[in-house]
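Notes for the one structure printed next.
Chain IDs A, B, C and D follow the sequence of writing; residue 1 opens each chain.
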Amino acid sequence: MPSKAKKASARKTAKAPLRERVMKGVPDDLWVKCTGCSTMLYSKELEQSLKVCQKCGYHLRLSAEERIRLLVDEGSFQERDTDLTTQDPLSFPSYKKDIARYRKQTGCADSMVWGEATIGERAIILGVSEFGFMGGSMGSVMGEKVVRAAEEAAIKRQPLVLVCSGGGARMHEGIISLMQMARTTAAMARLADAKVPYIAIFADPMLAGIAASFAFIADIIIAEPGAIVGFAGPRVVEQAYRIKLPPGSMTAEFHLAHGMVDMVLARREIRPMLVRLMNILR
Amino acid sequence: MPSKAKKASARKTAKAPLRERVMKGVPDDLWVKCTGCSTMLYSKELEQSLKVCQKCGYHLRLSAEERIRLLVDEGSFQERDTDLTTQDPLSFPSYKKDIARYRKQTGCADSMVWGEATIGERAIILGVSEFGFMGGSMGSVMGEKVVRAAEEAAIKRQPLVLVCSGGGARMHEGIISLMQMARTTAAMARLADAKVPYIAIFADPMLAGIAASFAFIADIIIAEPGAIVGFAGPRVVEQAYRIKLPPGSMTAEFHLAHGMVDMVLARREIRPMLVRLMNILR
Amino acid sequence: MNRWLPFEEPLRELEEQIVELERYTAAKGMNRSREIAALRTRQEELTREIFSRLSPWDNVQLARHPERPYALDYVSAVLADFVEIHGDRRFGDDPAVIAGMGLLEERPVVVVGHQKGRDLKERQARNFGSARPEGYRKALRAMKLGEKLGYPVISFVDTPAADSRPESEERGICESIGRNLAEMSTLRTPVLVVIIGEGGSGGAIALALGDWIMMLEHSVYSVIPPESCAVILSAFDRDASRGPEAAAALRLSARQTQELGVVDEVLDEPLGGAHRNPDAMASIIKETLIERLDGLCQLDTEELLQRRYEKFRRIGSFGT
Amino acid sequence: MNRWLPFEEPLRELEEQIVELERYTAAKGMNRSREIAALRTRQEELTREIFSRLSPWDNVQLARHPERPYALDYVSAVLADFVEIHGDRRFGDDPAVIAGMGLLEERPVVVVGHQKGRDLKERQARNFGSARPEGYRKALRAMKLGEKLGYPVISFVDTPAADSRPESEERGICESIGRNLAEMSTLRTPVLVVIIGEGGSGGAIALALGDWIMMLEHSVYSVIPPESCAVILSAFDRDASRGPEAAAALRLSARQTQELGVVDEVLDEPLGGAHRNPDAMASIIKETLIERLDGLCQLDTEELLQRRYEKFRRIGSFGT
């Protein structure tokens, strides 16, 4: 029960230097290759540009921690349920090993972080997915954290801001992971009944079980440029239906054109927009 | 107030022979030209086929009285507000003269008839538009009758069945006729809040101000084959946008294909379907 | 530089004289400021005179004036922190309709409206303010958001008509208009409507069902464009050029519409029309909105809805 | 004539023997009916034996069996006076989804479901049961009608997956699934779900959020097709042919799903699967629906919704 969530489990975001995370898995500490244009980018500069390629504008993926730092008032984030971890309900082959590995790699217990924060001095509930942890897939832990975040927002009557990304439901938890679509979305429906606003931010990639549950029913949806968003990724669709997709299919801009998102905003513009929204949504 | 509507104004449908109406405006009493295929049809046979051309299946227009006889349990219709007539709110050029002429021609006081009836022994509220009266256009009287029918259905908790047809709002009543779109639809919204079902039957033509108000928000929509249905008629659209429409545009079948109506039923099948629906909607 | 309408011909001539005189005196280094001031006074008097006896047809032209302020002009002047939202979450985003939210003074409100374009390119992009189904559905999404959050809804109406292309039929233009009427009639939050230009038939009413209906002085509200009315009816010899007569018969001006009990309030426009002083017009709109909302927000929701229903329930003209 | 699945090979052989013997004895005018009866008994025993130890993969094949009864087969057997409704009132009518209403005994109910096609032509027309956004929106329209009229909703789930063609993305396949989940979780009328064949991932859950979730014995419910799972995960060497292993790992059979607390009730199928005796299966479904509805209809709406919420709220596996 979120109302009873112990303050004990809350902690300030670790203030580890951004570079430690930016460089994760990159052989050379100083240079990062842009996913968009393959240019080698100097990591110091990349950090200053919020991990947006200054050559091609490509928005590189952020860790949950980077994302939080980008969005909320400095130092305001209080994480909740830091250590929540999956129990491997199906005893699925190699799942426990995978979890341990990703835990080590990312320093996160699963693919979702949630807590309290302020944006423009307005208290909000924030949830951010961690793509680095098993592709940001949704298992029991992400499901539970999204539900708790929504329930807490409803109780506190504070806007819910969710940064949605990830590859979809986590198949290692089988049907249990599919059920996370139902329960997270049910929690959002209750939040709506409680008349509390819910703002979603779509970051690359935002697919399948995450896209087809709580993400698209947000009151206001902001997407990052070029983010791949959809029920299936473009490559999967091309293979499944043996078709060739035009460039730009299933991007943030594609969904804007089709009336599915409210705005596509460069990374730098998202926090100002949230501040503006919070000024309205008092 | 419909609840106070005097029983005095109710009367049994006049049982004038159908042929009197079938032949309206047709020079030869015995033959009628099919609007669909131009075949000359013997009026006796046409009557037996419910005014459906046996050559091409074209559904010729019915008067309100014919329609009522087709749909309800025999002799069950009790008309209400028979004599309601417009007051010409704008003193619009030649409107009073037109009204008098159509009144004489059709024997109706305006373009709508409503009352109580039973279908399959289920008590319902019925409204039927009269195309013969100024093209079934909606002025104050149709608006008021639709509102009263909806209010009565809500009070009595009896399904509302409306046969929708007509050319749109009646421009002779200017902005007052436009307002009929708002008030009729508001009455339907109240009927929905009262949780009473509303079934619409679309008959040729069903256009503009009638189509874009209470018609398409019915719970279940049955349309007659070939009926022209839409915001603007095909010819108007072709002129306005200087385009050529493919055959079948803005017909009942077109709207079925686009998910806008539930079924297209031949005239003969409509009453059985209503009986079936009434058996469910007890 | 303002464009002039035919009935403003005397004003245009006077303006030319003044401009010519100003140019001449400036070039010659002469001071004829008193003479110029007198001409300006004369012009203002003449404007007042002409605008005091506008025909319905003159108002049609003013309502369609290409320099007339559009919805977004008022929104940006009236609201702080306006955030526009996009898309119907079903099919597309219709640029002929705007929707969003912002602060009216301190009060959060949802805004919807038709939006015309200023230059040719924008006019085409916005389909001349003719909304498609997804436009009405976007507006409905915004209004339902307002209802959920308890924010009043303000609707700016300005459209020649709803789009009736076959594509719009395919996606249910009729359903979208009917749905909006049904939803707006039962929306559990105050709804204010301002007809700022053309209140064009079904396309207009789809965003114009509310608790308090306002019209700018020179806007029009009609069931049909007067030219089309003239073409259809034998009373006007089916002659489009008799549109002015049809306009008169239709009683489509703001004052006439108010007399008919369809509109609750007419907002005076700055002399010569809203486009001569958009800021002044926006101020009037803003003040009026605040005042009317103060009143409406004091009603409880059931009473608000009952009044809204009865308000439209009353409109009609019939007897036995 | 029934088609046989690979694991039914012994049964197929026995059937061939029986048919051959019947033909032979008939031709020769011999009476070997006792022998034939013994073979039939043996066949039934063998069927019972084989079906008592089906692997998850066997169930996958049964759930996809081309002769398995589909939603409309059950609807026509279970309901009287069924009336199918069509269209989402927004864009189109999706034949991969059916919706309508009818009488369950004396009780009016709304029905929704995925619908596969029987022959090639119908299979294509119904997109193999893969719903598009307008399919889910049609179902939602029907469910909202049920809510309005106070009729319970029954959903028959049978889909390999939701359609993910670009056209479906354009019209918001994700939104339509999410919207259904949100609406079904708060729908103010009882919702019963029967998974009758393939419970395929997001496409299935979009019609499977309810108060009481049933699965036919040989149907399956999975977050991903086992073949795709095997291709993606290195645990299965990214090898599609290891789908049977993935099926086992995913625990997608009815009994396993019930053990996991996801499904409330498993309905026994006639021996050999529902397609061997559709009438018997329909009877079981009908009786169960009536019984469960009798129970659910006694709850008041708030309690119903609270239980529904908590039912899903509980599903998860985590700790610290």
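The definition used in the following text is that a residue touches a chain if its C-beta (ideal position, glycine included) is under 8 Å from a C-beta of that chain, and two chains touch if they have at least 3 such contacts.
In this text, all values refer to a predicted model and were calculated from it rather than measured experimentally.
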Q. Common contacts of chain B and chain D?
A. C
Q) Rounded to the nearest whole Å, what is the centre-to-centre distance of chain B and chain C, using the mean of the C-alpha atoms as each centre? A) 33
Q) How many angstrom lie between the CA centroids of chain A and chain B, rounded to a whole number? A) 54
Q. Hey, what residues on chain A touch two or more of the other chains?
A. 192, 216, 258-260
Q: For chain C, jot down the residues that touch at least 2 other chains.
A: 89-91, 170-172, 175
Q) For the protein chains shown, what form does their contact graph take: line, ring, star, complete or other? A) other
(Q) Dump the list of chain pairs that touch, please. (A) A-C, A-D, B-C, B-D, C-D
Q. Can you list the chain C residues touching chain A in their complex?
A. 81, 83-93, 101-103, 108, 134, 138, 145, 148-150
Q. In their complex, what parts of chain A are in touch with chain C?
A. 192, 195, 197, 216, 219-220, 256-263, 273, 276-277, 279-282
Q) Tell me, which parts of chain A touch chain D in their complex? A) 81, 83-90, 92-94, 140-141, 143-144, 147, 169, 171, 173-183, 185-190, 192-193, 208-209, 211-217, 230-232, 236-237, 240-241, 243, 245, 249-250, 254-255, 258-260
Q | Sites on chain C touched by chain D in the complex | A | 89-91, 133, 137, 170-172, 175
Q. Mind pulling up the chain D residues that touch chain A in the complex?
A. 162, 164-166, 168-175, 177-179, 181-183, 185-186, 201-202, 204-206, 208-209, 221-224, 229, 232-236, 249-252, 257, 260, 262, 308-309, 312-313, 315-320
